[in-house]
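Heads up, the next two complexes both have chain A, just with different partners, chain B and then chain C.
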Partner chain A sequence: MSEPILEMTDVSKRYRAAGGFGRGRKGFLAVDGVSLHVERGEALGLVGESGSGKSTLARMANGLVVPTSGTVRTDGQDIARLSRRGLRRLRRNVAMVFQDPLASLNPRQTVRQTLENVFRAHGETTSTAELAALLESVGPGADYLGRYPHEASGGQLQRVAVARALALKPALIIADEPTSALDVSVRAQILNLLADLQRDQGISFLHVSHDLAVIRLYSDRVAVMQRGRIVETGPSDEIFRSPQHPCTRALVEATPEAELPA
Partner chain B sequence: MPDPVLQVEDLCVSFTSGGVTADVVRDLSVSLDGGRTLAVVGESGSGKTITGRAIMRLLPRGASARGRIVVAGREMLSADERELRRARGSDVAMVFQDSMSALSPYLDIGAHIAQAVRLHDPSVTRRAARARAVEMLDRVGIPEPADAVRRFPHEFSGGMRQRAVIAMALVNRPALLIADEPTTALDVTVQAQILALLRELQQEYGMAMLLISHDFGVVGSAADDVLVLYAGRQAEYGSLRDIFDQPAHPYTAGLRAATPRLDARLDTGGERTRLRAIPGAPTSLRDAGPGCAFAPRCGLADQVGERCVVEAPLPTVRPTSEGGGLHLAACHLDRLPALKEVAR
Partner chain C sequence: MSIAEIQQAEGRGTPALGRFLRKRSVLGRFFRKRSGVAGLAMLVVPLVAGLCAPLLVRIEGQDPSTLHTDLLNPDGGRPLGAFGGVSADHWLGVVPVTGVDLFAQIVYGIRSSLFIAFGASILSIAFAAVLGTATGYFGGWLNAVAGRVIDFMFGFPGLMFVIAIMAIVPPEMPRGLVLVLVLAFFGWTVPARIIGAQAGAINARAFVEAARATGAPPWQIIRREMLPHLFGLVVVLFAMSLPGNVSVVAGLSFLGVGLRGDVPDLGKLLSDSLPWIYSGADVWYMLFPGAVVFLIVFGATLAGDALRDVLDVRTEDAA
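Moving on to the complex of A and B:
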């Protein structure tokens, strides 16, 4: 077995309180000594309520947030020890998809410019044919290249965001609530697209979501967060069949089912 | 049998901008009795929020409504401002998704509720209105209500704020509550509490509830009847059981199949299942042609042929389960083929 694509060991993040009120000088411990790993080709689901620290943890995985303590290794490399060039390589390897594509795509750039910039940032050039092929591989046709974000639907935009993440052939995609802003009928399209990428291209996923039902279907393993800690982790079927921790149980019980009451 | 609390007949809502008028809701008819919950389900552009606002006569500038809306015996579309002021709050009240924007950051929670009381009955003293606010906060489950009335919206958590908004909406005992995605912004555990609270208050007050939602999970745990809207038109209407057990519109069936479930019965022994997605994106009435607005995304349109493209289907009566009540669907197909719940 090769080493995990992502390995976080005893990672903590303390945010300093801006004004010094309330929580005082100690600040706020958003992530508290978390260890987790994502195997190659695996989809790990990270669930928890708002404020549980799941987004902070996800952002530490690709260096967007610097941990207060602990180590983060992607592809075996400690990202705290990376040079600027090394960090740049890391960001080729670890891509990110955010919740709201309208907010994560530059409104003043066409889809073509958005995608071209990814290549340019890494010193690569690309052809129209390559960009068109990239877009087509996730859904929207080449005619989307000339469009601005406001000229596309939410689902098509999220596909553009996925294309941007795929541009440099990453090994790991961190998806932070990638479908929460989408309509129900479109959400399933995007989830299936991500599942295809995992199956066909062997891309690993760290999928952050508050929606247990989504995670249950689309993750191999699940980690449940509460107040900055991982309180339960295991294969998704098992976790949802017999949740052990009270927090997981509360989440499972509170999730409303599209089912008739028995 | 008493008159329904809400009656909507042939409601059309249109927007005018730049001299062009376009319908966003067309030919909507529905009625709702006291003590019952009707869920209005739809996606972007379906007209679900606009319908709720039309009932309150809170349409944005440039929008106008035709047809007939009767709430607790009052004609809403022909009512003047004075009548509307009386109707809002005591006949019909509304709870929105974002509780922060429903509350003024400059007023304490008590002032919001007291204001609602005194607007409807100016003879109530300030002190008495304030006392009503404390009572109401207690009723919606806010701890230490005498203390909580003096707090400001930003001091409350999202769930507590939504409770305060519910207290404000219900303080005058409206006959109809319109709840527009009331739990969408909340965590699941808080969502379950708020839905339980709404159910409880509804039974206590015997009020009718129009629950606007995009989430079949929420609908399944709260609704008696369901209205499914697509592109501003009624796609299907029926009891929760009929909508879930024997949907007659391909869109309803498709939405269900696209909704992930936590249900342990879906356990596959480690093998991953996939949701069945509906291709394409939701449209609005503005972009729809003369035919069925769902036809371009419908996997069954081929079975019917050209009719789906040229003729918009009207709601027709469908079979119901035992004691199911009215079941309507607007589809040219008489019967849906059996659909597998989860496609591989």
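Moving on to the complex of A and C:
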């Protein structure tokens, strides 16, 4: 079996308290000795309540957050050993979709400029036809190229953000709560889009969410985080059917669909 | 959809036209603000007069150095005639004792005062923009060091220092240039702190993190993501630093540590006119140059305020 796309071994992240001089100011341990892996083509769901460290953990996969200790191997490379250039090159293969598209897209750039900048970052140029095809592959028509973020709906914007992630044909996409800022009516559409990408293009996913129902439907495996640690991990259906850890049980019970008849 | 159709749709959709309208609307809103237009006029009229000084003086039929002693009262050197000797030949009268044409002195004086104020403002704001953006983007030790240097400069009696420096500048050095440099040296601190704070806030926004996640290099992030959001602030800070520098230049010349004696200068005119207003012998000598300094400073302040409101620097992108 080939090497996992993402492999984290015993990673921790401690945020130092501001102006942290003197003893007794140990800061805040956001991630505490976590190990996890994502196989190629797999979608791993990372669930946990707010502040459990799941976003911090996800950002270690592409070097946006540098772990205090432990090793992160992404796409076969030890992130700590990469140069700045190497890290930038790695980010070609590891894209990211953020929570709120209105915040993660520059309000002063048209969709076209946003997409062009992704190619520019790696010294590439693109044609209008390529950009149009990229955008159409995730939904919005080519006429969106000329729009500014405030001129499109949240759902269409998140599709633009997905197009940005897909631009460089990544092997892994980190989706950090990709639907929690969207209207309920468009959530399923975005999630289906991401699921299609996993199935049709073999892209791996690290899907962060606080919503276990979402994770269950769209992830092969689930890891449950609480206070910086992974407390339970396993195949989605199994976790959902027989949660072991009290934290997981609480999350399952908080999921409305659990009470619906099958 | 063909490429032609896409481009057509895009053209209709917004970019070229949309951005034009957007800029237009900033200007449009500025010109709808009466205080802004009035301020701009108060700034532009003396500015143009200064730029066209030789032409205007030639139209008047005078020059800034000829002595017209025939127009002075031989007893005390007071200009003859009403309003300090205003006449068709001398639009703003003549200077007491020497009889030099006051209009020519003032328009040439605007030249030197504004040249120095503009130079100092451009230099200090440019430096503040570069430093502020760098501290906002890189943060860390650079931010810490720059912050302490700015604190130090805050505690420094800048104006005293400027006066002291200007008093000991060797006569062979170009005083105008020295003034520009010295004023710029003390003018960058507050703008640098403001721009640095704003750049740091932008650096923390999600779209910058998103750009970083795509593997964009630092320069691209600064140039394409951050600078467009800082531009309005920089323009406003420039507009607001200008009146301060104009009045400091005038003040320094007033104290006798500004430009050299033979260079016409607004502050020097004010300084020279002081005894004449004390004695009440020639009020007009101070009134005309004083009004011009007031116009420039007041105009630049009004225009800067209006520009800040229009660009709405504090709440930009809120919509």
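Couple of notes before you dig in:
Here, the second predicted complex is superposed on the first by the 250 of 262 C-alpha atoms of A that agree within 3 Å, B and C clash if a C-alpha of one lies under 4 Å from a C-alpha of the other, contacts with A are read in each partner's own complex, and residues count from 1 in each chain.
Here is the rule we go by: a residue touches a chain if its C-beta (ideal position, glycine included) is under 8 Å from a C-beta of that chain, and two chains touch if they have at least 3 such contacts.
Note that the structure is a prediction, hence the values are computed from the model and not measured.
Look at A:82: by the touch rule set out above, it reaches neither chain B nor chain C.
Legend: residue contacts after superposition of the two complexes on their common chain; A:231 is shown touching neither chain B nor chain C.
Applying the stated contact rule after C-alpha superposition, one finds that A:29 touches neither chain B nor chain C. With both structures placed on the common chain, the touch criterion links A:218 to chain B but leaves chain C unconnected.
Within the superposed three-chain model, A:192 lies in touch with chain B and out of touch with chain C [touch as defined at top].
Touching of chain A by both chain B and chain C, each in its own complex, is seen for no residue at all.
Partner chain B is touched in their complex by these residues of chain A: 49-50, 153-156, 183-189, 191-192, 195, 210-214, 216-218, 220, 235, 237, 240-241, 250-261. In the complex of the two chains, the chain C residues touching chain A come out as 1, 3, 5-7, 9-15, 18, 205-207, 209-217, 220, 224-225, 228-229, 317, 319. Every residue of chain A that touches chain C in the complex is listed here, in rising order: 62, 64, 87-92, 95-96, 98-100, 103-110, 112-113, 117-118, 120-122, 127-129, 132, 141-148, 150-151, 161, 164, 167-168, 174. Taken in their complex, chain B has these residues touching chain A: 43-44, 187-189, 191-192, 195, 214-221, 240-241, 244-245, 254-256, 258-264, 266-270, 272-279, 281-282, 297.
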